[in-house]
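Here it is: the structure, laid out below.
Going in written order, the chains are labelled A, B, C, D, E and F, and every chain counts its residues from 1.
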Amino acid sequence: MDNSVYGSTLQPFAGITTFMRQPATRELKDVDVAILGIPFDSATSYRSGTRFGPRKIRELSAMLWGSNQVLRVAPLDHLRVIDYGDVDVVPVDIHETFARTTATVKTILDAGATVISLGGDHSLALPLLRAHHAKFGKLAVVHFDSHGDMWDYDFVGYKYSHGTPFRRAVEEDLIDTDAYLQIGIRGSTSALDDYEMATNLGARIMTIRDAMAQGTEKIVETIRQTVGTRPIYISFDIDAVDPAYAPGTGTPEVGGFTSFQALEMVRGLAGLNSVGFDLVEVDPSFDHGDITSLLAANLVFEFLSLAALKKRAAQ
Amino acid sequence: MDNSVYGSTLQPFAGITTFMRQPATRELKDVDVAILGIPFDSATSYRSGTRFGPRKIRELSAMLWGSNQVLRVAPLDHLRVIDYGDVDVVPVDIHETFARTTATVKTILDAGATVISLGGDHSLALPLLRAHHAKFGKLAVVHFDSHGDMWDYDFVGYKYSHGTPFRRAVEEDLIDTDAYLQIGIRGSTSALDDYEMATNLGARIMTIRDAMAQGTEKIVETIRQTVGTRPIYISFDIDAVDPAYAPGTGTPEVGGFTSFQALEMVRGLAGLNSVGFDLVEVDPSFDHGDITSLLAANLVFEFLSLAALKKRAAQ
Amino acid sequence: MDNSVYGSTLQPFAGITTFMRQPATRELKDVDVAILGIPFDSATSYRSGTRFGPRKIRELSAMLWGSNQVLRVAPLDHLRVIDYGDVDVVPVDIHETFARTTATVKTILDAGATVISLGGDHSLALPLLRAHHAKFGKLAVVHFDSHGDMWDYDFVGYKYSHGTPFRRAVEEDLIDTDAYLQIGIRGSTSALDDYEMATNLGARIMTIRDAMAQGTEKIVETIRQTVGTRPIYISFDIDAVDPAYAPGTGTPEVGGFTSFQALEMVRGLAGLNSVGFDLVEVDPSFDHGDITSLLAANLVFEFLSLAALKKRAAQ
Amino acid sequence: MDNSVYGSTLQPFAGITTFMRQPATRELKDVDVAILGIPFDSATSYRSGTRFGPRKIRELSAMLWGSNQVLRVAPLDHLRVIDYGDVDVVPVDIHETFARTTATVKTILDAGATVISLGGDHSLALPLLRAHHAKFGKLAVVHFDSHGDMWDYDFVGYKYSHGTPFRRAVEEDLIDTDAYLQIGIRGSTSALDDYEMATNLGARIMTIRDAMAQGTEKIVETIRQTVGTRPIYISFDIDAVDPAYAPGTGTPEVGGFTSFQALEMVRGLAGLNSVGFDLVEVDPSFDHGDITSLLAANLVFEFLSLAALKKRAAQ
Amino acid sequence: MDNSVYGSTLQPFAGITTFMRQPATRELKDVDVAILGIPFDSATSYRSGTRFGPRKIRELSAMLWGSNQVLRVAPLDHLRVIDYGDVDVVPVDIHETFARTTATVKTILDAGATVISLGGDHSLALPLLRAHHAKFGKLAVVHFDSHGDMWDYDFVGYKYSHGTPFRRAVEEDLIDTDAYLQIGIRGSTSALDDYEMATNLGARIMTIRDAMAQGTEKIVETIRQTVGTRPIYISFDIDAVDPAYAPGTGTPEVGGFTSFQALEMVRGLAGLNSVGFDLVEVDPSFDHGDITSLLAANLVFEFLSLAALKKRAAQ
Amino acid sequence: MDNSVYGSTLQPFAGITTFMRQPATRELKDVDVAILGIPFDSATSYRSGTRFGPRKIRELSAMLWGSNQVLRVAPLDHLRVIDYGDVDVVPVDIHETFARTTATVKTILDAGATVISLGGDHSLALPLLRAHHAKFGKLAVVHFDSHGDMWDYDFVGYKYSHGTPFRRAVEEDLIDTDAYLQIGIRGSTSALDDYEMATNLGARIMTIRDAMAQGTEKIVETIRQTVGTRPIYISFDIDAVDPAYAPGTGTPEVGGFTSFQALEMVRGLAGLNSVGFDLVEVDPSFDHGDITSLLAANLVFEFLSLAALKKRAAQ
């Protein structure tokens, strides 16, 4: 396939911004990984604007040169990757948006490809988990975030928002609650027993204080022991990272991870049975110098590397 | 009433940011005008972020010194104004948001006060018109905008969005189509017969080219002749103004009015029977130096001046 | 052709950012217009950064809805448009960049398509004129700019920079000096006889003061009388427009056109024999709220409309 | 008290921005804590603009959900908090501003409430210490900062500026110099013996290098041992934190604390006899994505939590 | 004098930023014009930050190429210009700052040079007028502004601020009230009789509505007739210009002049007996793309051109 | 020498922005250190804009108060420092720019002064190394960076760009490959064997992971052992630091050093035989709150301190 129109032979400042210059197409034959944007931001409790996340992450992905020195793999050597474009979200209808998201993801999964989705707000984890559950059954979940997103509601009486997806997912039995970790949790909460509530629902919480005390190596070890060989869904809310490193997000929470720690933790998942990935809550309107989108693009590159290692190992 | 805590005796940089330092309260007795924020932005087709419009317009209103030299009136000498705070919008439910908006506005109107609402996106014109129609009957509408907002849908199959409120309002018979003017219309459209469609529905379109050719004085004259003594609802989408003067908006359209022209047109409505006002589509995320919010605050000040002149004339 | 992956059925905030959702391809068969980016900015005398112009103009083109109400044409109904991607510029070699630009443009022109190019700095007008001259012979040139770009050098001893292309083009006999107009010229100059020098070289200068005194209608009339039926190359340096309307540019010059005037002048060229177009000097690093790129996208839309009218007239 | 007009039942993006939605009032009966803004910035040696600090910290406080998970307390369950608005500062008269500040704070303290003040520049620490000294006698001071602010003058011959308050406070005998700690000190200084001078005046300096070498736990231990049961005034200059985490400040100093470290140190003061608090030098003009104001709001939330724990313990 | 270290032979992006590359020196022998910065911003009623105005205007002056095409003069061919640096202002003491300003300006005037001063806030007009009055006697004043700055006080009881300088100057009999024009006045005012008050004090007010109705040519004519051959002080508050063109200012006022109009009015003063100049209220913190500072630099270039024409005429 | 015109007695917000208020001059007699700007950015592979680096670093250097508390030295007490201004770069000719850079640096070195150069992009390291090699012979190089800059080309077939200088320098035998360290290397690379290639060429790579694992003290120890008493050239690419701390750069790479670590490493070089210094890749267009330039100015201050210690030791 000739990707030159996208700039595969050009410098990062030139060309059309598909993810890493891969072809924009909806043809799924022989595809290993499809990058999928879901520009939906109506379910946020503070800043909207994450609808521009997928577009901007694609743009910054032009700075990815292809070889992962830490994981020792050049993902595009092993994977056929496409940019599937965006889900046709409906800002005024979260239910329809969820339905279309689940349907689109199922289509891709059914064609045998892995989905890496770019949000959009975190409410999207629910339709993503639904689609992956349909394919893989109950999922171990490694969830990087500053918020547990296990509230019963953000908006009184409304079950779906960016603060509730993982509670809904547990209720819908999509998650294997023996292997559900939340990493980086912090900040003020609406109730004093928020963590207890989440724990009772089946989440294992590693607060940022736990994380800072342990260091990334030990966190990775805990994750690996917990998830074992289960199929794993990785959900990365960029606000897990400190606003100094990721200011461009909808509900920033101070006192978080550095970008180095974030990268190290994701790299630590190499060799596990990762089956799904999302990177959500990038809000370019509040970013500067594109540093948040650049970090997001690099985290997605780590996701791609995990997928490549998995495929290489399987061959 | 002691407004000192809001900063009524302070410089513009100090104090708590209610609109023009007026008291934040929901007590409506003896109130002439209630400023009402409606921070809803889920119905937009490009940039979200207008949910922060009301907050920022209030902040910039601290720069309003009180006396209108052109209209020769100091509104707060004649009107008891309160800041009613914001409608409890639900970003994921436009129907409920509309219902709450209409209900809140009705409550205020029923108490005998005039509402000046701060958006939020332009979809809100519909629930606002519903509430005003309930009180005043069919409304003449003076609609400043770059877009007619008379599409059948923005999102295929969805009747409510920020591109459709005036079509819905016509369909619901809220508007007196003998006196409905759209001023400043411009930009590319989805169909070549967009203007014809709007005209057929009852709108009288003054494109920006007409407006530039005529000048503001003649525009004002046309408005006055058209609306006569009818009860008038004024809806001002800040994107009527050129992005140079109002960059902070959701769907900017180049080639628009200057701020001077905008002010002159609103001032030109003095003496008419204005019964309702909205100022919508201010999106501070894309503003700079707060110039859009400052212009919006000044336009709201002109609205207040119109209301003051009307009350003074009635006494 | 299925453009859905680019977002042809999506809202402006979604999809992959080719120009107006048109297919990214280098296949030129049956193509009417090719959009071509040339992200070169090494020849600038003040701010670099226009290398990001093509990318950002493409992004903002998603806000173009398709129908031109002033010129009464929906360009994509008449033209098959593609996004050809970017020229492989070499920031450290202006000569090679020029050679590649001319070669690429010739390839497209030879395939029978019209080129609309997105800069990049204005030095690129020279290789663009070379390619168009090869196809069309000597060209009438309608050149919107605040600077005449007819210096002998910006950098002492260097013939090629963004201040010299039109002098070089005259020297290379690419321009029909009976029909070369510069419109919007202003600002301080390096020598008092700068205008005289340009006039002697064959340019007809309309300073911004002339332009403001005459108005756009009369300017258009002058252009039309001057160029007649000649093949016309239109070169639009965004700094012709005032920095209030187009802050995102490399060498802004205060006291310029409004966006409305810019649009009106380009529309005024309808019916003429336009054969080539460039829109240069958009520098997103210094823009805000994307207003400069939005204006540029709209000006390109006017170019497309001119091309569509020409094709429609020829049928 | 009905706080709904301030948005107590609304999402963070809605409502009028008092601190944490608490009532704006000057009624002090039964009040435990009064939040007080002091928007004075005339005493700064580099960037002015901190006059907008109080307003912006209030705005970001809407993101505080109420429960402190680390200190295990929901401050508003224990404290009656009001937003007292701002001191009527006089930018051209530092003496009068100091007098008004001291008077206002005394009024609040005399009514039995605790003051948490939001700056404004750090010169304000002097009138704040004066008022607290009048109530509590000599104060232990925990002073987080990158600068010691113990110069004899910033402006030759002028005793009052943002570089001198703590020297003046020592000279006025307001501080218990057996218990005065400066934490985070760094950066170039005007004299090589600056630290010696400060030490001679009674300050105990923990430079950032000491702090980084020790870690926050040991710093906290040192603080606790030093201050014991004395009444403590906590002064937090946001520039103690690194500009990566707190760019929005008047005299940023590179090489500072992370936001996580800042939070941990303040939390470490739980159980001590804190009697006064200030958070100063937030300059929103140089912030981005509001990350500095968000951090400031969170630090104030920790102050509130300390106050709540103290009251709970006293009951 | 060798100015190469300042970049006189370099492109605008290179070199040390004195005004137009002229030598930084305090040697006044044979100097025609001294550029003087006065970075004082403590007397402002809204945004501080104009202390960075002089620095940024100098930076943008690197874009001035030397020849004024409208006035047909290359100022540096006729004038020996130096950059005198900045007055040593004291942010906490307006009286001392005024004294130092007056003294510095007197020193320069006494050496036979003309002063062009760069603010800083508009309170500085008073010490500037004092110094010029000492040299030239009562002054005709051409005052471009959106505010008359003739209040008795901004801060109750304080005579000196950026809202009062011209009242003080009239009271001190520095201005010839037969020849004092205010041009561009607009916006809300604190009292309905503000204009009457100013008129009674001797100012002739041309509101922005008068100005827009008349056009710049007629304004210029009025100015010329009014001032005749009197010695003229020109005071240009950048907020006379609309915030679209000059967002970077302390108290922006919507509905103002375009940059083209501003330039035309200043150029219209050619041939008059201008003896002093200030350009104030540029606040780079709220600018974008440096467009305000660029406009300011161009206006100062027009001032220089006026001075050059005067000297040429005198020879 | 009287530096008052540059503001040596003024606050940081005032005065003309030479580096640390030192005299702008090209007179080299008795000079110890010359600060030299090289505003060239045509050799960058992503963002241009570093041409404004020297100017902005100078501006922020006004915040440096003179005494280095960690290294216990006030550099200006020991060194006569001048600001030599900028090299007359030619954006369209990298060869000529290199020649002029080398020539200018040689002139300064030959006069017996040390050069601290401010970039500009990293391609400049090559002409800088050439000039230093001519004076000092083969150089030990301590190279802080996220990228090794040892590619054979960025632009196919072009030997000179910001990704190649150190390969060229090795090829030209300018570097002592027994003492060439790269510190902070990270990010995706174009080939999997990039590090191997660099190692084979003679570089000793400390990746960011090595660095984070070891800590700055151990890094410093390694450097000291490696370079010994050799003449050392220190090249600091600001992108060695994480984008959170240094967003204003051309090719940011996430997961890097903190500003504290950066300062500590440079300070660790005290006592070594440093003979040359550059600080490159500061791109103010993408900075915010000037934090990157402030960090750069502080790093240059550490360079100055190293030079002062060296001179003091030699006396």
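We take it that a residue touches a chain if its C-beta (ideal position, glycine included) is under 8 Å from a C-beta of that chain, and two chains touch if they have at least 3 such contacts.
It should be emphasised that the depicted structure is a prediction, and the values quoted were computed from it without experimental measurement.
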| item | value |
| --- | --- |
| Winner on C-beta contact pairs when C-F is weighed against A-F | A-F |
| Interface sides of subunit D and subunit F: same vs different residues, half threshold | different |
| Farthest chain (mean CA position) relative to subunit F | B |
| Distance between chain centroids, defined by C-alpha means - subunit A, subunit E (Å) | 55 |
| Centre-of-Cα separation between subunit D and subunit A, whole angstrom | 38 |
| Per-residue multi-chain contacts in subunit B, two or more chains | 11, 13, 47, 51-52, 91, 155, 242, 244-245, 286, 288 |
| Arrangement of touching chains [line / ring / star / complete / other] | other |
| Complete list of chain pairs which touch one another | A-B, A-C, A-D, A-F, B-C, B-D, B-E, C-E, C-F, D-E, D-F, E-F |
| Parts of subunit F lying in touch with subunit A, wherever the complex brings them together | 45-47, 154-155, 186-192, 194-195, 207-209, 212, 242-245, 247-248, 251-252, 254-256, 286-288 |
| Parts of subunit A lying in touch with subunit B, wherever the complex brings them together | 41-44, 47-49, 51-52, 90-94, 155, 158, 160-161, 285-286 |
| Residue ranges of subunit B touching subunit D (in the complex, touch as defined) | 2, 4-7, 9-11, 13-18, 24-26, 37, 39, 51-52, 54-55, 58-59, 83-89, 91 |
| Residue numbers on subunit E that touch subunit C, as the complex places them | 11-13, 63-70, 72-74, 242, 244-245, 258-260, 263, 288-291, 294-295, 298, 301 |
